[in-house]
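Consider the two complexes below, in which chain A is the common component and chain B and chain C are the respective partners.
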Partner chain A sequence: MATSRRGFVGGMSAAVVFSGGAAFAQKKYDDGATDTEIKIGHTNPYSGPASAYGVIGKGIEAYWKMVNDKGGINGRKVKFVSLDDGYSPPKTVEMVRQLVEQEKVLCVFNTLGTPTNTAIHRYMNQRKVPHLFVATGASKWGKPKEFPWTMGFQPDYHTEAAIYAKHILANVKDPKIAVLMQNDDYGKDYWEGFKDGLGKDINKVVRHVTYEVTDPTVDSQVIQLKDSGANVFFNIAIPKFAAQAIRKAADLNWKPVHYLNNVSSSVASTLKPAGYDNSQGIITGLWLMDPTDKQWNDHPEMKTWREWMAKYMPGANTEDGNYIYAYAVSTLMLETLKKAGDTLTRENLMKQAASHQKLRVPLVLPGITVSTSPTDFYPVQAIRLARFKGETWELFGDVLSAEST
Partner chain B sequence: MATTETAAAADAVARQAATAEPPARAAAVKPWVWAVVAVAFVLPLLKFVIPGVISDYRLFVISTMMIAAIAVLGLNLLTGFNGQISLGHGAFYAVGAYTAAVMLDKISWMPDYYFLTIPAAAVMCFVVGYLFGLPALRLEGHYLALATFALALAVPQLLKYKWLEGLTGGVQGVVLLKPSPPFGLPLSEDQWLYYYILVIMVALYFIAFNILRGRNGRAMMAIRDHQMAADTMGIDTAQYKTVTFGISAAYTGIAGALSASAIAYVAPDSFGFFLSISLLIGLVVGGVASLAGSIIGGVFTVLVQNSAQALSKFVKNDLGLPFDLSAYAVYGILLLILMYVMPLGIAGGIVMAWRRLRG
Partner chain C sequence: MEQLMQQVVSGLANGAIYACVALALVMIFVSTDHINFAQGEMAMFSTYIAWQLMQWGAGFWPAFFIAIAVSFVGGLTIERVILRPLHTAPVLSIVVVFIGLLAICNSIAGSVWSYLIKEFPSPFPKDTFGLAGLIGPHQFGVVLVTIVVLSLLFVFFRFTPLGLAMRAAAQNPVSARLAGVRVDWMLALGWGLAAAVGAVAGTMVAHIVYLDPNMMGGILLYAFAGALLGGISNPGGAVLGGFMVGVLENLVAFIGNAIEKSFGVYIIGNGEKLTVALIIVITVLTVKPSGLFGRVVVKRV
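This part shows the complex of A and B:
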């Protein structure tokens, strides 16, 4: 009797489950997703040598706050767990394991730094946890074959430098190139890409000098570059040194065709201190809008961004491009989660991340869109060249891209 | 386990503090130490019983604590027991880690015999430490601290140097594989790693205990307390100081090699200057010249750095206070309070409290 009743109850509940499954849209969840919540993990250097990037984490946190205030994603609130790794790879491993194994997040998003992401690269892929839109300019994050759970975000340094090289070869007659480079991984990444872009024309580089971040100035380096008789100058430097180099070149009355890396494209932190007069005609590659560039002041996306900054990040520096970055990358994450709908499994999330088609992400330059596919794990891979004119960048030419893998 | 060890550590300190007693009385390993070791050995197996409490992640965190404890012990041998201050032990940690990483990366059969990296790192760091100890003989106190400081700053730069780049991978570092359990044991990688590190840690503590309780240990401490007096008594101070430097570096280097295996990745950014400082903080907070204090220090360096961020978030979000304290500010405040309340470190503080309670 007891047995048959149990059988009956079992049969009934199976029927209920079955009909329920048929009646409602199927909801499927992995760790970190429920009917009411989506849990996203993140690491960022809030302390330590790279803590200037900590504002990205704060910006992303404020972004999810806005999303939740507006009702969340398909009725689910986002729980954003952000931990400090101090830019130390062992710490990143520990923190990300905490996120995945203790907090049980659905995915890990926009973890910052090349060495730190390298440390967790294999772990994320062994665990099969989405490792999405990482915040690094290195070129190794889009390898869906070996690492199907990791996806990059921004155009990498390598691609950018290759684009400059090709532009030089196509537009400058008889180029003699001088290169100033910061002597670390970031500088070397640019330099490698530049060499790849030049190809057999590598001998066009007549002078290549480096500086250390700890140097007081780059004056002597710029003098050496000028003495080489170069007519093209590729400036791979962070804003402080890029501005010094621009100023020194002007003082020396050296007027090469000047290519400035995107890292230093901020008007407020590079070109203004270098002097607008000295900066005329400099060429750079852009992909995000610069909050200090007046031409975007009336752009609706920039206006929305400023309203968001005023409401959710009161007192924060509105000249800091990192907040633009945070807003843009978070929107891409939001769109990916929206597309996943009620099937919030890790596999589906990767599938959605790898199927964006010409998606417009706010604050990315007009004309650049996000496209991904199961074989293309580079969301933003294009830049636009711009020439400095007056007090602002003037975009010219088409959207450019170069395959760097 | 952290709490068990802390409690256990208290007794160890009590024993250590009784240095006035004749060494013979402190000679034998007390039964409670064996109890602690037994608990430590059983702990990972509890994962099969209570997987919610003893998870792979927690075992991994305890493993990193044990690694830190070994590194702090190395520094303690030098600073606590021999009186030479080092601000640069992160450098030896890095040398140990890179020795292991390069071996695992470049020698094809090495990943199957990963335990060989431990003696190799120990020998390598002993040699480097011994050689560094030679010129350091001429430097006392603050000058030695500065010289070691320079070492800590130089090593990450050297690792990026272009002639070494082929070996060290430059700024990109070296990606490794985690050691897997041998003989098809039904353990997870983290359980196995825990045992691997625990066995090495117990062995290293046993060796340190034996060095310190014998005539060599007395000589080391005599040099710390009064070098000229030690010299007069016929102790070869130069020899003792350089060898201590070497042993200390070897201990810290072993910790580095273990961390290379545990993290499965090494890069210059892993061995920044703050590593050296956090080892020194672990030493001072745990208890200078205390073996058990080194364990407390290792636990502290991992635990408090992590909880500082949680605490700063708690202050901001849950208490609703209008401070945006950075984790480091919280860390600093905690350190200040700790040093004020327990000037002899946690181990020393517990001994003091114990004595007061007993009258």
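This part shows the complex of A and C:
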């Protein structure tokens, strides 16, 4: 009996050794994956106050259409189920439950918004469903210990602000800093990062004012900032208010060293409306290519993107950087699914997502790559500083990442 | 001192915008007794029309006047087609229609012109207008335009037969009808005028807050406050109320700063601008329910 069992075990291990390749190819599936299909869930604000971001969902949908036209991923077609949550957290919960419990998706991908993702954060981790590459820059998505099923995508606000703080301390002589901040989680995340970056030099901030999204203008705030006598201005505002602040500063003849948050780095939505004259010399941190920035016109990835836009999103606004974002994040998802091979389990998907090594994602700035590990759930973690000159951003300096600050 | 000056002037410039929108609200209120929640979105839509005309090569002023004309017809049509069948409906149904209009205008503008913010030109010459360092040329122009619009409306209501008929239709529909005024059409005319004034407000505001489908959201709130403060039944009062709200909100921040500087405690500041402005409005309304310059409506029961 004992011998026969040993023999049996021996036989098993031999079989494993011999069929090394075949064992790898053995197919394993969780909900949402079959021989022919991979089902991915998604929520996006197609209606409501944040519907400007709705184009990301449309872009991602078009991306999977292209993937399917090219034969899919390892022979499987992607079924992309995208639902409208109107940027309302309770609705997001409802939609995501529908995706997980009724649609039975393999994973939820690039759900958009900080409050909305916060609402489903715990649920996704309780259900152990991958919650991948969420579309928000908050710093709380990379906590593999507490939330092993959630992963961010873009450089987080906290890191970005810390990079600016270090840059100010290293480059501006005797800085007196004025900060304009949107009074919500997004603004506070930047502000906390900025304070961390300044460390003991926090007293260099001479004025910190806030605005509400319901304010028609930030003129009054900019007057207060100028009055403080600051020579550095950190602008934590969404495009509309950032542009107003840039223009008002110029109107008041206030010329500080101006740091603009990445949220508003689009040439078309911020700097053009603010006026190119008023925007010269502004510094920001970039990680994606801007479709309105002429320096990328001849870049092969930009050309591929334009061809894709022309074919799959005809008539869409090619100035909208959200389509760049959609293309880049979808490519990362595609690479992750490709790596998962035929083992399309939720666990393996997280494992693959957490093991990218210096992966080049198209349309991310040259020099920036995606690296993740079981302890590093921040895929893109680096930015490059750029200065506005003429009508485009001019990159300068090295690739800066959280580690280097 | 320099800051105080700048804050007051910038408040006046913002106030001019609130005043324009408040004026549009008053137009509909005096002719129909309703407050149009979709006023801001209609104005935004008119502004997009002007923008589109300029994209097609029209100059600012032609685009401006065509947009006003189109808005006038549009407002008239909305009244005739959508609100006419609801004449006898309860107020709540009409409020729902207004909110529906708001959502529809917003979504259509978003899908036609996208949600990306767009720059909107200013018609006022950059160098020869305004007071350097104190008020920008455009903001100065907006104040002037507001005053011109107010004067035109005043003349229209006071000195033209049509204006008289509209006032009659609003104040006493039954007698007006007996005197041969077509009351229905007067209501529609009120809507048309409101849409036209809204178009003026939108095209003036857009240069300052930039053009996007949500540009009027915050402004409408302040315009309401202005209209109620000044008296929603009185165009002149509403304009004054708009200016007052604009200056008030800036002074709140300024005074908050001053207190913080001299006493080291934070009491009020930028975060409380709207709150303080609204508290003042509520106080005024408690003491004087028809607003500072409003006409007290006495209804016989």
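Couple of notes before you dig in:
Following the convention adopted for this analysis, the second predicted complex is superposed on the first by the 378 of 405 C-alpha atoms of A that agree within 3 Å, B and C clash if a C-alpha of one lies under 4 Å from a C-alpha of the other, contacts with A are read in each partner's own complex, and residues count from 1 in each chain.
One rule holds for everything that comes next: a residue touches a chain if its C-beta (ideal position, glycine included) is under 8 Å from a C-beta of that chain, and two chains touch if they have at least 3 such contacts.
Every value quoted in this text rests on a predicted model; they were computed, and no experiment measured them.
In the superposed pair of complexes, A:Ser47 makes contact with chain B and with chain C alike.
When the shared chain is aligned, chain B comes close enough to touch A:Thr118, but chain C does not. By the touch criterion defined above, A:Lys188 reaches chain B but does not reach chain C. By the touch criterion defined above, A:Ala243 reaches chain C but does not reach chain B. In the superposition on chain A, A:Glu319 makes contact with chain C only, while chain B stays out of contact range. In the superposition on chain A, contact of A:Leu83 is made with chain B only, not with chain C.
Applying the stated contact rule after C-alpha superposition, one finds that A:Lys272 touches chain C and leaves chain B untouched.
Once the two complexes are overlaid on chain A, the chain A residues touched by chain B in the first and by chain C in the second are 47, 49. Chain A contributes residues 47, 49, 51-52, 54-55, 183, 209-217, 219-221, 223-224, 227, 239-240, 243-244, 251-253, 268-269, 272-273, 317, 319-320 to its touches with chain C in the complex. Against chain A, the residues of chain B that register as touching in their complex are 55-57, 60-61, 64, 160, 170-173, 175, 259, 263-270, 272, 274-275, 305-306, 309, 326-328. Across the interface of their complex, chain B is touched by residues 46-49, 83-84, 86-91, 93-94, 97-98, 101-102, 113-116, 118-119, 121-123, 184-185, 188 of chain A.
Residues 2-3, 6-7, 10-11, 13-14, 17, 107, 110, 114-119, 133, 136, 205, 208-210, 212, 214-215, 217-219, 221-222, 249-250, 253-254, 257, 269-271, 273-274 of chain C are the ones that touch chain A when the two sit in their complex.
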